[in-house]
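Multiple structures are listed underneath, in structure tokens.
Below are two complexes that have chain A in common, paired first with chain B and then with chain C.
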Partner chain A sequence: MNAKEILSHTEKYLAERLPVEKMNYASMVQKKEVPVHGLAWGYYIGGLAMFFLMVQIATGLMLLFYYQPTVSDAHASVEYITEQVPAGALVRNVHAWASSLMIGSVLVHLLTAFAMKAFEKPRELTWVTGVLLLGITFGFGFTGYLLPWHQVAVNATKIGLQTIEQIGGYLPGPMAEWPRLVKEIIQGEASVGQATLSRFFAIHVIVLPLAIFGVLGFHLVSVQLHGMSKGVDEKPRRMEKFFPTFLLKDLRVWGIAFMVLFILGVCLPFESLFAYPLFEPFDAKGSTPDGIKPEWYFFWVYYPLELLPLWVILLGSAVLALVLLATPWIFQNTNRKTLRLVAIAAGIYLLVMTLFGENIYHLFKG
Partner chain B sequence: MIDAFLFIGLPYIALIVATIGCVRRARFSKFSMSARSSQFLEDRQLLWGSAPWHIGIMGVLAGHGIALLLPQVWSYILTVPPAMYLIETVGVACSLLALAGLSTLIYRRLTSARIQAVTTTSDLLVVALLFLQVLVGLLSAVSFRYGSAWSTATVVPYFWSLLALQPDMSYVSGFPMLFKLHLIGGWLFVLLLPFTRLIHILAVPFQYLWRAPQLVIWNTTRRRKQALAASIRAESRREFIKGAAGVTGATGLLALGVSSKAINFFKGASQDPEAESALLEKKLQRLKLTAEERSYELERQRNTMILVAGYAELDAVKGKYFIDYAMAPGLAFKGKDGMPIVISAKCTHLGCTVSSTLDENGRIMCPCHISYFDILTGMPNPGAPAKAPLPQIAWALVDAGGKVLASNTPGQASGKVAAPEALAQSSLYITKPGKTAA
Partner chain C sequence: MRSNPLTACYPVLVLLALAGTSRAYPEFQRAISLSSGRTVNCAMCHVHSDGPEGNAPGQIGHLSLAEQTELGRARVAFEPNASVKSPILNAFGNHIINSLGRKQFLELRVTPGELANRLPKDSDMDGDGISDADELRAGTHPLIKSDGRPWLLFKANLSANLGQILLMLAATVLGLWGLQHLLHGFDVATRLEDDEEADEPHNSTPH
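Now for the complex of A and B:
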């Protein structure tokens, strides 16, 4: 195959995945239809995740007006937001709740899209960008966790970053030093300190938002160009118009989501779910407090990490990441029934590890 | 004298005449207990007149009625300022609505030939008086603010004194002319009640609320089709209006709620001086802590020896935390031989800070993944998540004169040994890696 052929192949491939000729009013608004079938609720989850992202952007910008990203002031400014600023507690609480709900809906979106075989040709790139969005969302969670600069935040981040260094033990020769270098690049200095806070802040409010806008833009445009995927093997009961029928239903889901979020934000402080009072400012000279753990959305990897040797987890994560990225090609010939079973199994694993991870840990470790 | 007639005589005359008149009309002319409908003659203007008028006037009358009949409940509600503003606003809005509706009705009665045919003089009188009465009421509400509150303490006792047959007009005789007019107008309507269309107030069609809608069924095909099309149109319009009203209302409420929160959020906290100074103090404290940490860092870059603690402060069981040359935590204990044991407190597993209290086996524990380290050797217990030992840290005991009494560098034999009484006065330092204690 010569260069010319490769070029024309690439061109054909891209043209199939990005049918820009469909970028017009008629096919994007007038003709677009959504199938109605048993799994049709899955079509709402992606929009829901986007709704929570919008809430995150709005509340995040509001918090940005008061938050001060320095080691000495970060905790005091967060305290000031919660205790002094009118509605500050609400805004911060909504930000915390919406982050969890966003990650939750992104995970459910991943599973339903998988179960519906929404990655089928020509939607491979939509799936791959979706996996990238998942990574970005976890990045948001990890970097945002540090910003309040309290005991749990700093100590959990320390442990999370230290895990990177541990990888060095499995690498040969001079490569053994690389993970430590990577850690120090992320961290900005020898231990978690002001440099880390500045970097995490920059990543959380500038780098990741820019990244998510770009990737999400591509994701949405390709969803809009290809229309909704078929979702099930059998014939759908009927089709409904995307505009206005489905859109109105979507907005209704958003409205309910907002109401739930608002009620949670008003009634239940996110931090009240933690069983330990670790929200004192970080104390560099104190011992690491008991019961440090990451946010619930990392439990699925955290508890296995506590139970199994690191290399098993590393290998597992690497395989998982590769399988997720290559899903459209690995599973292109699998039928939807099998995919649904795999998705259910994965869902059960996530649910069990998130809800009962600690019990399982104690079962094995006493 | 004229006041006595207007505020005592007129009310009693009105009440007696109204009672007897209404009973008579109900007994002898039962089917005239209504306002004659003119909907068949003209229905377009009627909708825009009758509906606002009745909605508005019922709102206003409800306010009057509650104040007159349940004054205590009323004044209790009014003690909440936002409730009072709400009541005043709703009252003014309702009377404006009533006036607008009534104007339409008057215009209709004066201009439509069909309506003219069924209009009596008493209808015109009633409608004109009603207009004046609502106008005067609205003007007094606007010119004498918070009428809902002050009238509860004046008009209401006056009203009850009349009912108790102990009329006391001192409550109302001092009122401005405008409001007196409104009161007199009120009694006038009571007087007119049995003789005019106002009688329909007593014949409220409550059953309309739950009875099934009446369908007019036509017998010709063309009429039936027309009627069907019209009812579909009306139904879909009703649904649309309901939906649009719901969406607008919900969006409006949402926008109102969110913006009220958002505006206050950006406006910021209004703090009392005490809270403000407390906040400043806290921030200053944190800054000092940060400054302290920075100075540690500088100290560790410049000095070859760093003070940990006085020898007397060391304990055999409870370790003393300090920051070592790598800016990581360290722990200092007093050993059995009286010499210090100085060891890193940064867990070799994932970098947590090891706790400072020795257990009965002479070990310190890392709380993160439960590793026990022997402080003499630094070795973790077998099977612990941590594999590497905690490193020992080079130290020196220095007396007040700057003389090194004892020192230890990991991997080398201990240095000098001094007498216990000299040790008690000395201080423990850690020494920079690669340099010997001087």
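Now for the complex of A and C:
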């Protein structure tokens, strides 16, 4: 195959995945229809994730007016936001709850899209960008966790960064040094300190938002160009118009999500789920307090990491990442029934490890 | 002007007098941790999370002369309602001493689990809707508004903010109702426009 043919194939491949001729009001809004069937609720989850992202952007900008990204002032500025700034506690609490709800809805969106075989040709790139968005969302969670600079934040980040360094022990030759270099680049100095906080802050408020805007833009355009995937093997009960019928239903779901978020933000401080000593300012001279663990959305990998050898988790994570990225090609001939079973099994695993991971850990470790 | 040698030695004398009693009381910390199942540290009652011993702010070695005097006064407040303000205790620690007096407090070291029962039942220093006594039992901080048993906090905040929540609910429902009408309006307008466009060639055809 010569260069011209490769170029021609690439052009054809991209033209199928990005049918720009459909980029008009009639195709993307007026004539767009959404199938109605038993799994149709899955179509709303992606929009829900986007709603929480918008809340994160709005509340994040408000927090940015007062937050100080320095080790001496970070914790005090967060306390100031919570105790002195009008509605500061509400804004911060909504930001914390929406981050968890966003990650939760992205995970459910991934599972439902998988169960509905929404990655089928020509939607392969929509799926791949979705997986990238999941990675970016986890990145938001990991970098945002450090910013309040309290005991649990700094110590959990230290553990996370140490794990990156340990990967070197399993790599051959000069590659063994790479994870340490990656860790040093992220950390910025010998231990987690000002350089780390500055980098995490920059990644959290500049790098990841730019990345998410780019990838999400592609993802959304792709979804609009191709329309909703069929989702089920049987014939849909009926088709409903995207505008205004589906859009209105989507807005109602957003309204419910907004109320849930508002009630949680007003009534249940996110910090009440942890013991208070963990939220004291980080003390470099103090000992690591009990109960340090990452946020709940990392439990599915954290507790196995505590129970199994690191190489097992590394291998498992690498395989999982590759399988997720290559899902459209690996599962192209798998029927939806099997995909649903795999999605349900994965969902049960995530749920069990999130809710009972600590109990399982104590069961094995005593 | 010559200073009185006794006055000059006063801080040292106070420190010497307190040396034997300047520690936190881990019995209470242990009892709270055991009954609540939560990790607690000295910051529940003390200014410093490692307790009163040391040279950091809020610890004995860091006290000024005036603070040492205040500490001495607090140490001898054996009866309740002495209005002491010990510089090594936080507001809740001082509240315990002012409510019970040091005599009763020290007696409770034998039965530390009883401390919560002896505190005033209506006192809620952080205003989170959970009494200080209940917070002590639950191992949550009586001075941190965001720390409390999640379900209790949720109930207290829900009843305190029900008006705002109902207003927000009304605003959301009305906003959605308005949006629904706006989008339906757009839809109808677009369809009318399309119908007119479809009719136009037919109407303009000469008979």
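List of remarks:
By our rule, the second predicted complex is superposed on the first by the 364 of 366 C-alpha atoms of A that agree within 3 Å, B and C clash if a C-alpha of one lies under 4 Å from a C-alpha of the other, contacts with A are read in each partner's own complex, and residues count from 1 in each chain.
Just so we're on the same page, a contact is a pair of C-beta atoms (placed from the backbone, for glycine too) under 8 Å apart; a residue touches a chain by one contact, two chains touch by 3 or more.
No experiment lies behind these values; they were computed from the predicted model shown.
Of the two partner chains, chain B and chain C are each touched by A:Gly255. When the shared chain is aligned, chain B comes close enough to touch A:Val85, but chain C does not. Contacts of A:Asp290 after superposition: both chain B and chain C are touched. Shared-chain residue A:Leu181: touches no atom of chain B or chain C. Looking at the shared chain after the overlay, A:Ala76 reaches chain B, while chain C stays out of its contact range.
Of the two partner chains placed around the shared chain by superposition, neither chain B nor chain C is touched by A:Val20. Legend: residue contacts after superposition of the two complexes on their common chain; A:Pro244 is shown touching chain C, with no touch to chain B. By the touch criterion defined above, A:Glu271 lies against chain C but remains apart from chain B after alignment on the C-alpha atoms of chain A. When both complexes are aligned on chain A by C-alpha atoms, chain A residues 255, 258, 286, 289-290 touch chain B in the first and chain C in the second.
Looking at the complex, you find that chain C touches chain A at residues 38-41, 43-44, 49-50, 139-141, 144-150, 153-154, 157-158, 161, 164-165, 168-169, 172-173, 175-176, 179-180, 183-184, 186-187, 190. Of all residues in chain A, those touching chain B in their complex are 62, 65, 70-73, 75-76, 80, 84-88, 90-91, 155, 158-159, 162-163, 166, 190-191, 255, 258, 281, 284-290, 292, 306.
Those residues of chain A that touch chain C in the shared complex are 30, 82, 89, 93, 243-244, 247-248, 251-252, 255, 258-259, 262-263, 266-269, 271-273, 275-280, 283, 286, 289-291.
Every residue of chain B that touches chain A in the complex is listed here, in rising order: 250, 254, 261-262, 264-269, 271, 275, 279, 282-283, 286-287, 289-290, 293, 321-323, 326-329, 345, 347, 350-356, 366-369.
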